[in-house]
Structures are given as structure tokens and as C-alpha cells.
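Quick heads-up: structures coming right below.
In the two complexes below, chain A is the common chain; its partner is chain B in one and chain C in the other.
Moving on to the complex of A and B:
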């Protein structure tokens, strides 16, 4: 573990991207992710071969990402909720073209212009597509500044391994808060990039990066193939953290900042003798279905703690096939659930205090 | 002795364009320019959305297919990835002058060192002949069945004139491919637009006035006449900006 430094989440994430060998960043100002762009603007020109470009729109930025990704190079863009909606067209094209890229969403409240305070209400958008067509994004959900760093390496690696876009689904708290962080270089493996547009040099047939298939049989075949890849990802890449689940009778499911609030509540409830634990999804897609399904045979109730009107709760219910009741503990619009909110929901699940 | 052959920069694929459409001529001119400049092997083309959506099947170089209007942004990424890449977009008027206006203006403003081939036939061809940003006043299309009424839908966008006010643009020329003399001029303009990029001179755009016999409802030779009588007066041919010529 290298020496720890005190850094803002957005800046630590940007530094990690440069460490991961990302030399191209395209962005557009929007709160609360602007520090990512500001950091890149400062650092990329000092990095050999580094390119920072402020695009005319989020739409242009994601299409610049497509341009670099098509040449096989590591590339990143970042935005916040309304900006991610604008990028959704390009995200669908990235998926349709089988291009790897890393997209950062530092979520704020919605819908519409919403607000600028932290939120988790883009869960559906991130995990169910976020653009048109049959596709998935790899979705990573950090709950600390350290994970903002670690997930950059993981995100690039998974994106390039499976040739698909990856998203770090962060939120305003993760982006804005400062925490001690170890800036240690993670692993991004090298994968075959013979598909990349590098110029034929007159030595090979042209490479084509494309998502248009006029013959429906052909498009269906490619979608089937893509979903075979997704199956493999669901089987092999789901990440989660368990907290005090061994003897748990109540299972909280929470990710990102909500998981930190939930942890405080769990500690208090445990002190009062209530057997409650947590499964924290680290990947939201693939969703850690297996561990939840297994937990459904052991616990009495689930609680989904999330900063939305209840989006992840649907995936929990699906994962456990509605075997047990799932309660919702939520705030939204930029409001954050308190420890007390979660504690009260634990009492409700427990049938009162012990 | 070979007197005429297909340029190496075109593939063997058969073009899908309608009879009498001038896309085929423009494809050939682009391919000839790439071959003559010896850059086909390091060229990456960006296909757009519209009739030219399938250009990735026709140019014998690496190609990426962009979303509607986004080709200049994709081209920006490809060029910024490696300055040695020769990067061009091939876009129609709906793609470039309506949905992609922002990408067009801002890639020009940034002085992106790319080449834009802009085919203007005053109509949306691929979707069956709707009113384009370039459709002439009074021109009948599927979505302006009584003729383009400028009082309600406004005026056509003159792209070369508009971009001539953008400081970042390097070279803007409007050409046509309606007769042999103009085809030769078009070829020279397209070649210059690529030569500029090779020399790192910045954003070059060649607007090529083209016909759409199918959606104009005219026989090919009548379509050429219509272009001469209607488009040429509204869209005068010529060089709208040549930054380096001005500095000489």
C-alpha cells in the first residue's frame, strides 16, 4: 500500500485514469463532476501524448470518445445525470460497435434538470441500458474515494476484456468528499485489438467499426452473440461485499453512499442485539444475484436502502424471486437517508425493537 | 495500356445508389484524391447517416460509422488519437446542416485538422425525400408538399457562407458535379482539402452540389438541369475561404 494522500473523489478518479494509461479525455462542464474535467485540463497537457478537450456538448464528447475508442486507445468521459442522458445515444453506439470506454456518472437528483445534490436515481438508466436497443453496460458503484480510484482500473480492464463500455456510477458525495486514498496503480491487462482502426497501411483488409446491420438475421445473430458474452460476465464478474451476514436475519442491500449510512445503522442495531447484515453490490451490472438468492433462504426480510424512489429494489426482488419481503428505505431528490431512517426501517423489519 | 480503372481506394462492392445519383462520382473523386496523395493506408473515414451511410463498404480504408450528425465529433476523436491519421467525414445535408450543425460549426471553430466532404442535394434522400435544411424556397418535398414556405419554416442554410465567418476554418469551397468541367474542379477542391490536412493546415470542407433524381422526381439528365437552374443560383460555386491563400 502506497502512502495515503487526502483527495477529493473526482480528482482521485481523474488521477487514477491517467495512471491507468488513459490519454484521452473529453468532457463538458456540469455539477457535481466538473472537478474531473478541471483535473484533466491541468494534467493531460503535462502527460506525454495526453489530450484534454472540452467538447461543445455532452453529445459531442461521447462521440469523440467513440472516435478514440475505435482506434483502440483507452478513453474516458465524465458527466452528471442530465449530461449522461445526452450521452445515451453515444453509449448505445459504443455497445453496438463493441467498443470499450469508461464513462463516469457523478449522479445528482432528477428527473429533468433536477438538482445538484447527490442521488442514486440513475440506477435504471445505468443498469437497464441508458440508450436504445438490446445491450448492457458494466456498472461499478464505489462507496469510498479509494474505490473511486480502484474502479477506474477495474472499469478499463473489464471494458477492454469484454469490448463494451463500462460506467462508474458514483454520486455527488463520492465526487465531492475528501478522504485519505492510496494512489496505487491497479491492473489493466492488454487484450487483442486487431479490430482497431489504425490504417490498413496497405497490408490488410479495412477494419470497420459499425453498428448498422440492415439484414435482421445478421443483427439478431450479433445481439445473441453479445448476450452470450453478457452471460459469461454475469457468471464471472459480479462483485459484492458482505457485512455481518453470517447470522443475519435481516439483510440490507445498499450501494455507494447509502451503504455507508446503512453500515452505521447496522452497527447500532447489532449493539441492540438485532441480527442485521448487509450485502453491498459493487457491480450493479452484473448484479450479484447469486449471493442474494442464497441469502433469501437464510434471512427473514430484506431492506433496500437507496437514494431514489426505489429502483434497485426491483433487481433485489427479481434476484430472490420474491421469496422474502423487501422493504424500501429511501430518500430522493438530493436528500440523503440518515442512520436513524435506516434504523427505524430495521426495527420495522424486526417487528419492533428487541 | 490501361486508360481507365477503378481507384485502389474503392472496394469491389457495388454501390447501392439510385441510377443517376451523383454520389458515385463523388466517391470516385475522394478515392482518386486518396490514391494520388498516397495516403489510403493511413486514412480513416467516418461514415454518416443518410444515403451515404454505407460508405464504409465502399472506401478501401479503415472506416467508422457515426450517429446522425456526429461524424465531425467522431472524426475529432480519431484525429486526436493519432495526428498521423488522415481523417475524413462524408456527410449529406440533413446530417451535416440540421442534426449535426453544432458538431460541424465547432469542429470548424476548433480548426480540427480533418477533411469534410459535404454532399448537398437539397433533400433527405435515404428516408424518402423530406425537406432538408438546404431545400430551396418553394421546393416540393414529402414534408413540404406545397413547396417550402419560408414564412413558416424559414430559409435554407448556406453552409459555406456560414462557416466562412468561423475563424477556425481553413478552407471552404462549393463545387458541383453536373458537367465534366465542374467534376474536374470538384476533384481539385477535394484533393486540396486532403492536401491541407496532410500539411496540418486545419479544417477543410468541400460542399458538393449533387442530384437526387429519385426524390426530386426527375430523370437523371433533367435532374442535372434542375440543379443548374435552381441550385446554382441559390448556392453559388466558388472558394468561400482559403486561409493560406489570403496570407500569401
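Moving on to the complex of A and C:
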């Protein structure tokens, strides 16, 4: 174990990316993610070959990401909700060009310019594409500063393994919260990058990175191929954590900061004798459908705890084929669900206190 | 802590996230036990998530006046400075505690008042340091941040506050291990260590081991930051 340091979630994301060998960061300031860019500005120039560039806009930043990703180099950008909307054209192009990159979204309340306080209301945007066309992003949702570090390594690894963009879906609380963290180097495996634009030196045919296909047969074929890859990811890469699920009669599903609040409520409810547990998705896409579907045969009710107006709840209902009722416990717009909110919803699912 | 060295204006500055606001709030509450009129001014225009205003209840209750931008914690997202700041700097009846935003960017706001403060002369500018923060891990890194801040605010630090901590997990050993670090910063910067802060439950264990130990409580905290294992 390396000695622990005290870090903000945003700083941990930046430090982990540098540790993972990312030498290119392009960004634009926006609350509550600015510390990612600020940390990169201080540290990246001191890293050998490191480039920090504050672009003139979010759109410019994501297009710089496309450029570096085309050469097979590790690259990252970060923003918060409105900025991610601006980047969404470029994100679709990354997917269309089959390019790996890591995108951080430190969510704030929306829609529109919204607010600066934490939110999880970009769930649909992140998990259902995040731009036009048939595609998916890998979506990772850490719930501690330590897990932020781990997910940066995981994000780069999966992105390069499957040649697609990955997103870390954080939020204002996770970005601003300070926790002790052990900066251990994770693993990013080496994958074939013979597709990258590295110069032919006259020795091979040029590689082409492109997302424009006028011939519909060709475009359809590429989309079919991409979705074969997505099937494999759904089968093999879903990550989740189970908490007190062995004898649970009520199953809470929550990710990120909401899962921390939910855990406190579960502990209190357990102390009162209510059998409640949690399945915490760590990947939101692929969504941990299998474990939820199995849980549906054991528990009586589900509760989706989320800081949005009922977005993840749709994926839960789909995963369990609506076998059991799913209650919603939510706040939005920058407000955070309290332990009491969740506890009251547990009582409701339980048909009252025990 | 000795009350003899109190200056009329006490300014807390330092690296982002080293715990300045919480130390400033604790200091202001301590100062109120020794001075009749104490005001704390929030000059943090960098981070809208953690502010002195979050501690308003405890400050008001214990007779410390809080001066912060009328826009703090409101819908108006502008980096505005509180208009009354000049008042507390110039009014010699008031003991002023000034909480500056992190790093050189935060210290720019202090530069706005540096002439008036230097002219008054009865002040100290305290450099809050934490060896468990990743960009101030050793004395040289810390001195780099120090030089950036001094350049931005047109003032020189007069003393150091060793606020080394690793949050909830801080142990007595952690604090003891930070003494050598703080001493090295002090030596290289040529300024003394004003105090070492420690959370209340570790105070007794350490009070005879470290000079000028100041017990502090965590006032600046959001409910969502509560940890669960």
C-alpha cells in the first residue's frame, strides 16, 4: 500500500489519469469540475511529454481529443453537464471512428444552464448514447475518491480493449468531496493499435480514421459489427457491488453519491429488523442486468434511489422485466436525498415499520 | 495557544484544500474568547462548494460577525467580494480574521486589500500547510505554492499554520510525522510556525509533544460527505 494522501475526487481523477499514462488533456473550465483542469494545468507540464491545453471551448476540446485518439495515444477531457452536451457531437464521432478516449462528466443540476450543485440527471444522456446515431459509451460510476482512481484505470483499459469512448459519470459531491486515497497504479493492458495514425514511413498502406459512410450497406454493416462488440461487453464487463443482499426482501439500486446515502439508510433499517440490501451498479453501461434479474426472483420490491426524475428506474424495470414493483426515491436540481428520505421509502416498501 | 501574540488582522491563505476555511473559523471562535469584536471575512471567490457561510450558525451563535459576499450561496454566480471588507480592515476596534481562497488564484482577491493592510501594519499573514495534500507533499513543493501566492497578493507570509491531516483517518502518528515537514518549510521560508492544528480527540495525547497545538473542530462539512464503510 502506498501512503495515503487527502484528495478531492476531481484531483484524484486527474492524478490517476497521469499515473495511467495519459499525456494529453484538453479541457475548458466549468463548475464543479474545474479542479480536474486546474490540477492538470499544474501537473501535466511537469510530466515528460505531457500536454495540458485549455481549449477555446468544449467543442474544440473534444475535437482535440479526436485528433490525439486517432494516433492511438491515451487522452482525456472533462466537463460538467452543459459542457458535455456541447461535447456530444464529438463523442458520437469518437464512437463512429472507433476511437478510445476517457471523458469525465462531473454532473450538476439541469436542464439548460441549470445550477452548480450535484445531480445525477445526465443518466439518460450517458447511458443511452450521448450523441446522435447507434452507439454506446462505457459508463463507470465510482462512489468514493478511491474508486475514482480505480475507475480511471478501468476506463482507459476498457476503452482501448473495445476501441470506444468511456465516460466516468461523477457528480458535484464526488468531485468536491475530500477523502484519504491510496494512489496505487492500476492496470491498463496493451492492446493492438495497428489501426492508429502513426505515419506509414512508406512501408504500409495508410490507416484511415473516418465516420462518414455514404453507402448505407457499408454503414449498416459497421453498426452491426459494433453492436456485436457491445453484446460481448454486456455479457462480460458489467460491474456491481452487492450489500446485504443474501436475505434481502427489499433491494435498493443506487449508484455514486446516492449509494452512500442509501447505505446509511440500509444500516438503520437493518437495525430495526427490516431485511433490505443494495445492488450498486459500478458500470451503468453495461448495466448489471443479470444480477438484478436474479434478485427479482428473491426480493419483494425494488427501490431506485437517484438524483434525477426517474431515469435509472427504467433500466431496473427492463432488467427485471417488471417482475416486481420498483419504487422511486429521488431529489433533483442540485438537492440531495437524505437518509430519512430513503428510510421512509424503505418503510413504504416494507408496508410500514416492523 | 498563547493569546499574547494576537494581531488585529489575521489572514489565512495557502494551497487549495489544505483546510484554510475551517482553521479560520476555529481561530475566529477562539479569538472571540480574547477580543470583544471579532469579524471574519470570506474572500474565497474560487470555490462555491465550501464557504465560511456554511458555518454561519455557529459563528453567529458565538458572537462572531460574518462578512461574506451577499451573493455567496445564492443564485447569482459571480465572484463578488463583500463590500464591508474595507470596513473591518480599517476599523481599529475590530479584530479581523480574513479567509482567503486557495492558491495564487484565490490570493489575487487579497491583493485588492494588501496596501491598506500593510499600511495598518498590525497584521499577520498565515500560510496554512498540509503535507497530506498531493501538491504539497514536501517542503520544496510547498515553497513553490507559497511563492505563487506571495506573488499574487503582493504580501509576504509572516508565519505557518501546520494543518497536516488526512481527514477522518488522521492519527496522532500522522500529526507527529508532519512536524519535521513543517519545520523544514519554516526553516527554508525563514518564518516561524504559529501553530499546529489537531482535531479535538487527539489534542490531549499530543499537547505535551508539540508546541502551540490548537485543538480544532470540523465546522465546514456537508452532510453528503459523511463516510460509510
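Simple rule for what comes next: the second predicted complex is superposed on the first by the 354 of 354 C-alpha atoms of A that agree within 3 Å, B and C clash if a C-alpha of one lies under 4 Å from a C-alpha of the other, contacts with A are read in each partner's own complex, and residues count from 1 in each chain.
Definition applied: a contact is a pair of C-beta atoms (placed from the backbone, for glycine too) under 8 Å apart; a residue touches a chain by one contact, two chains touch by 3 or more.
The model shown is predicted, which means the values in this text are computed figures rather than measured ones.
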Original post:
Between chain B (first) and chain C (second), which, if any, makes contact with A:135: first, second, both or neither?
Top reply: neither
**OP:** Identify the partner contact of A:202: answer first if only chain B is touched, second if only chain C is, both if each is, neither if none is.
**Re:** first
Original post:
Counting only touches as set out at the top, which of chain B and chain C does A:156 meet: first, second, both, neither?
Top reply: neither
Original post:
A:302 contacts which: chain B (first), chain C (second), both, neither?
Top reply: neither
**OP:** Mind working out whether A:64 is in touch with chain B, chain C, both or neither, as first, second, both or neither?
**Re:** first
Subject >> Set intersection of chain A contacts, chain C complex versus chain B complex >> reply: none
**OP:** State the interface residues of chain A toward chain C in the complex, per the touch definition above.
**Re:** 4-8, 11, 15, 31-32, 35, 38-39, 42-43, 116, 118, 172-173, 176-180, 183, 257, 260-261, 263-264, 267, 336, 338
Subject >> Footprint of chain A on chain B - complex, ascending >> reply: 11, 40-44, 46-47, 53-54, 56-57, 59-67, 70, 73-82, 85, 102-103, 105-106
**OP:** State the interface residues of chain A toward chain B in the complex, per the touch definition above.
**Re:** 24, 26, 51, 53, 55-57, 59-61, 63-71, 73, 75, 89-90, 93, 97, 197-203, 206-212
Original post:
Any idea which chain C residues touch chain A in the complex?
Top reply: 16-17, 47-50, 77, 130, 132-135, 137, 165-169, 222-228
